[in-house]
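Letters are used for the chains, namely A, B, C and D, taken in the order the chains are written, and counting of residues starts over at 1 for each.
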Amino acid sequence: MGISKLNLLYKETVLDHAQHPRHHGKLSAATSHLELRNPTCGDVIDVQAQIEADTIVDLTFDGIGCTISQSSASMMTVALIGQSVTNARELITSFSKLTIGESISTQADESLGDAAILGTVAQFPARIKCATLPWHALDELLEKWETQK
Amino acid sequence: MGISKLNLLYKETVLDHAQHPRHHGKLSAATSHLELRNPTCGDVIDVQAQIEADTIVDLTFDGIGCTISQSSASMMTVALIGQSVTNARELITSFSKLTIGESISTQADESLGDAAILGTVAQFPARIKCATLPWHALDELLEKWETQK
Amino acid sequence: MDNGLNNSRLDFKILAQNINDEPLVYLDNAATTQKPKAVLQSIINYYEHDNANVHRGVHTLSQRSTNAFESARDKITAFINAPSRETVIYTRSTTESLNLIATSFGNLVVEAGDEIVISPMEHHSNLVPWQQLAAKKHAILKYINLTVDGELDMNHARQQITDKTKIVAITHASNVLGVVNPIQEITKLAHQHGAYMICDGAQSVPHMKVDVQLLDVDFYAFSGHKMLAPTGIGVLYGKVELLQAMQPIQFGGEMIDFVHSQSASWNELPWKFEAGTPNISGAIALGSAIDYLTNLGMQNIQNYEQKLVNYVLPKLLKIDGVTIYGPHNPTNHTGVISFNLDNLHPHDVASGLDMEGIEVRAGHHCAQPLMEYLNVAATVRASFYFYNTKADADRLVNSIQTVKEFFNNGDI
Amino acid sequence: MDNGLNNSRLDFKILAQNINDEPLVYLDNAATTQKPKAVLQSIINYYEHDNANVHRGVHTLSQRSTNAFESARDKITAFINAPSRETVIYTRSTTESLNLIATSFGNLVVEAGDEIVISPMEHHSNLVPWQQLAAKKHAILKYINLTVDGELDMNHARQQITDKTKIVAITHASNVLGVVNPIQEITKLAHQHGAYMICDGAQSVPHMKVDVQLLDVDFYAFSGHKMLAPTGIGVLYGKVELLQAMQPIQFGGEMIDFVHSQSASWNELPWKFEAGTPNISGAIALGSAIDYLTNLGMQNIQNYEQKLVNYVLPKLLKIDGVTIYGPHNPTNHTGVISFNLDNLHPHDVASGLDMEGIEVRAGHHCAQPLMEYLNVAATVRASFYFYNTKADADRLVNSIQTVKEFFNNGDI
């Protein structure tokens, strides 16, 4: 098969998000932020969110990572800005399911937008952690926010 | 083969020493004593020696052990009382060799007396430690004596 | 019962050999068990197809290896009904598991004047670590007495466990006496007094269904090699909030979150306690051992061993000159039977039995304080597993007679 | 060289498989090596004929098992030229060996204000234990700088190691940079200042002849799994008088001399440090791995790997966009080669290579402080062993080109 199989993972949209990450950098109006590491490889992601009235008003990310984690982070910001915290956490669960090859509702798939494309990572088990790292970070951030509010 | 093979180990002389141990008990005139344990089984041997002018004038043993270790201790006292410390340590080495099936000089064999019979323990590897425990104890005692004199 | 439970004996090639020209009867299962073909095959399969280091690479072999290693953890989690996989930590052995608790958790909770309560039937591995902890912390090590039958005296337990007690550490099943302790009850007692309950499961997990949540113990330890798996792999279960509060005691690969030149932070549970390359093939083989045991059924194993004990214990008790330690009633007696014969030293008896092809253990069974308590220097121990048969039991009984006669009825 | 040194490749069944439909090229040997048939067979032989617990019984199986376990120790003793078997202690791994030294020996000799000297190229396992010890004892952890080539700066070593230094802990061979450190020289320096020398041999013992007496180190640690043996077995060598002075840190079976209800005494070396049932089959398999390596000849292995490096390193250096970390001169460069490609993240590169059947590692290699020092987040690492071939090297070089093209020359 060889390297061409990688086309399944590194699709054009994925590369586009990696090359031109959306919502990358610091968020001055952030109400909370969370840093998460992949202890296996040392990659770091820093997620910053501005949450108001139970809604993610704005969201950015920062850090060091591979194409997949950077692209996934960019897609995540696009999908989740404007969502309620509850919806966002449900979408995070949906995304996690996609990455291990489970099916999700059409509605969730639509809401995930570009990010749904990363479902093909299920065929590259060693890279699932790369894809989910930013989403785990945001999920932890939202969980903390919920318990503190 | 079955249990009859044990006759090789539990010879009449061996049983005689176990049933009627020579020089068993405390030695009031002891100049040094040493206790050694077999950590595997908890057996304990206490060797007491009266050493004068580099000669083992008297020697006794005490403790808890199986037929082989008790019999071996008894035979040891018979063989080594009256020996110089140097000779005794050499005989201890000879006895150790016997128990792992190595040959020794005729002279050493004669000096060991009854104890030489225990050479058959070489065919019962699990019991070698039982046979050598008292001799190791005495060797340690003599080594200490030598460094302290 | 000719070939053990469900003909399982046939899965153990080692059993089909002669020892001293007599067919082997392996009755040293409390020390370690034999390994079925399926477990050995799982080791070979792993090394012939998937071997790589875990948690460390993005390549295919590393992924396969990590999956196999972690799914063995899931099997263990289910097997002992642990609430989650993060509560199941790989160690080398029961001994290492108990030392980890005594060092890390003991350090956290025990203070000068506190009491640690154990029993005289503990294996050295569930005894010396508490002695050491007590000495270091100026705490007090107390023992719960045994009844004349060798069971834990629960009345005395109620006296010994007090509000001063910080830790209670008791074995689930004795490796000498064949008794099973009422862990659920002792745990309740410990918790009523605000103490933590630690249970040594080395002799229970291989022989009965264990549910750590039902027992409600705070920690539980056991070894793979006593339950069909290879040596070098053991398990520590702990309640998640306690494990989270504890500090690791070994540092290095795997257990790291981030390392700077002058400081470091730790990975999440369960990896926080798994420093360095773990025993990957051992863990995978333990998973395969659990599959094998689950397939036989833990209740079936327990029933089968009970039947063997019902059969053999009365026969042993009838031999003139045999003294049995522990309960004489076969009901609720595990397959561990300790005895002495006449005035013979256990070594002499075991050598005699070995000549007959029967492998039993002689010694203090790493329970010297129990020997002192029983006022013996050592005992002979025969311990059964599900691949032993009534024929094995008969061979044991007959050979004890032979040994007795060889040694002139103990009059050597 | 088609089938590795002496056709050894054929002894490794795992190598004859496809990964992602391409023939496997295993280049993650620094993480763990593959196991030859003879080593796997030694495990199966043991379990099919001799399995029993060691040091614990008078029966035949127990004796066979103890003999096999202890004669493996004799093989290790000879392999590293240790002065006596009592100086060779079985552990789980390099990590456990180093932690044992840091905890037991560190506790004995390090005091407030003392200095511990290490290097930025240490694996977390030879770094975090010293951090922890330093923090606990209020000692100071100092680093010896590296030269621009990634070698230990011996001039700086002479500044950093002073009369205040209590412990110097340095790896024999780097698991990232491919350098071998002048341990004999550093040991002399340490001893001149009254410091103890501890050496991490995880990446050296598998690849070159090591003589611990010639090196004159005080402690030496290595892992079985990086030298053909299974996971779960490692070695700690120590000078006998130091080991004798040290206290055990795990307590239980095997390491006991006598246990009373309130006190205990320890067994002799080497067992004093081997609490609980050890990894018996792992030790025996390590003995068999040593037989295999000795048969090939350590000098032959080193020469063969040197030839591979002479061949592949210049080819890698020629690829446009490849950055090699560590010395660029192939002479004295071990088979461990770390690099990055263009601006690609190592994960992306390793995934690409994996699709081509080439297993390399991507990440920090448990050496985060070194990554910081090199100012990279992570690297790709290819590591060779004697069963690798020139064809493997060619496949690596060609596939890096393929990966480069796939990712548009790094312009993804």
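To be clear about the criterion, contacts are C-beta pairs under 8 Å (C-beta built on N, C-alpha and C of every residue); 3 or more make two chains touch, one makes a residue touch a chain.
Just so you know, these numbers come straight off a predicted model, no measurement behind them.
When you average the Cα atoms of each chain and compare centres, the chain farthest from chain A turns out to be B. With each centre defined as the average position of its C-alpha atoms, the distance from chain C to chain D rounds to 32 Å.
One inter-chain figure worth recording: chain A and chain C are separated by 45 Å, centre to centre, where each centre is the mean of the chain's CA atoms. Note on chain placement: the centre of chain A and the centre of chain D lie 37 Å apart, centres being C-alpha means.
Multi-chain contact residues of chain C (touching two or more other chains) are listed as 20, 56-60, 62, 256, 258, 347, 351, 354, 362-363, 368. Multi-chain contact residues of chain B (touching two or more other chains): 40, 42, 126-127. By the definition given earlier, chain contacts exist for A-C, A-D, B-C, B-D, C-D.
Those residues of chain D that touch chain A in the complex are listed here as 20-22, 344-348, 351-352, 354-356, 362-364, 368, 371, 377-378, 399, 402-403, 406-407, 412. Partner chain A is touched in their complex by these residues of chain C: 55-60, 62-63, 67, 256-258, 267, 271.
Against chain D, in their complex, chain A makes its touches with residues 1-6, 9-10, 15, 18-19, 40-43, 64-68, 124, 126-127, 130. Contact residues of chain D toward chain C in the complex are 13-14, 17, 19-20, 24, 26, 28, 31-32, 34-35, 40, 43-44, 47-53, 56-62, 92-96, 98-99, 102-103, 120, 123-129, 131-132, 141, 143, 223, 225, 230-234, 249-253, 256, 258-264, 275-282, 347, 350-351, 353-354, 358-363, 366, 368-369, 372.
Against chain C, the residues of chain A that register as touching in their complex are 37, 39-42, 125-127.
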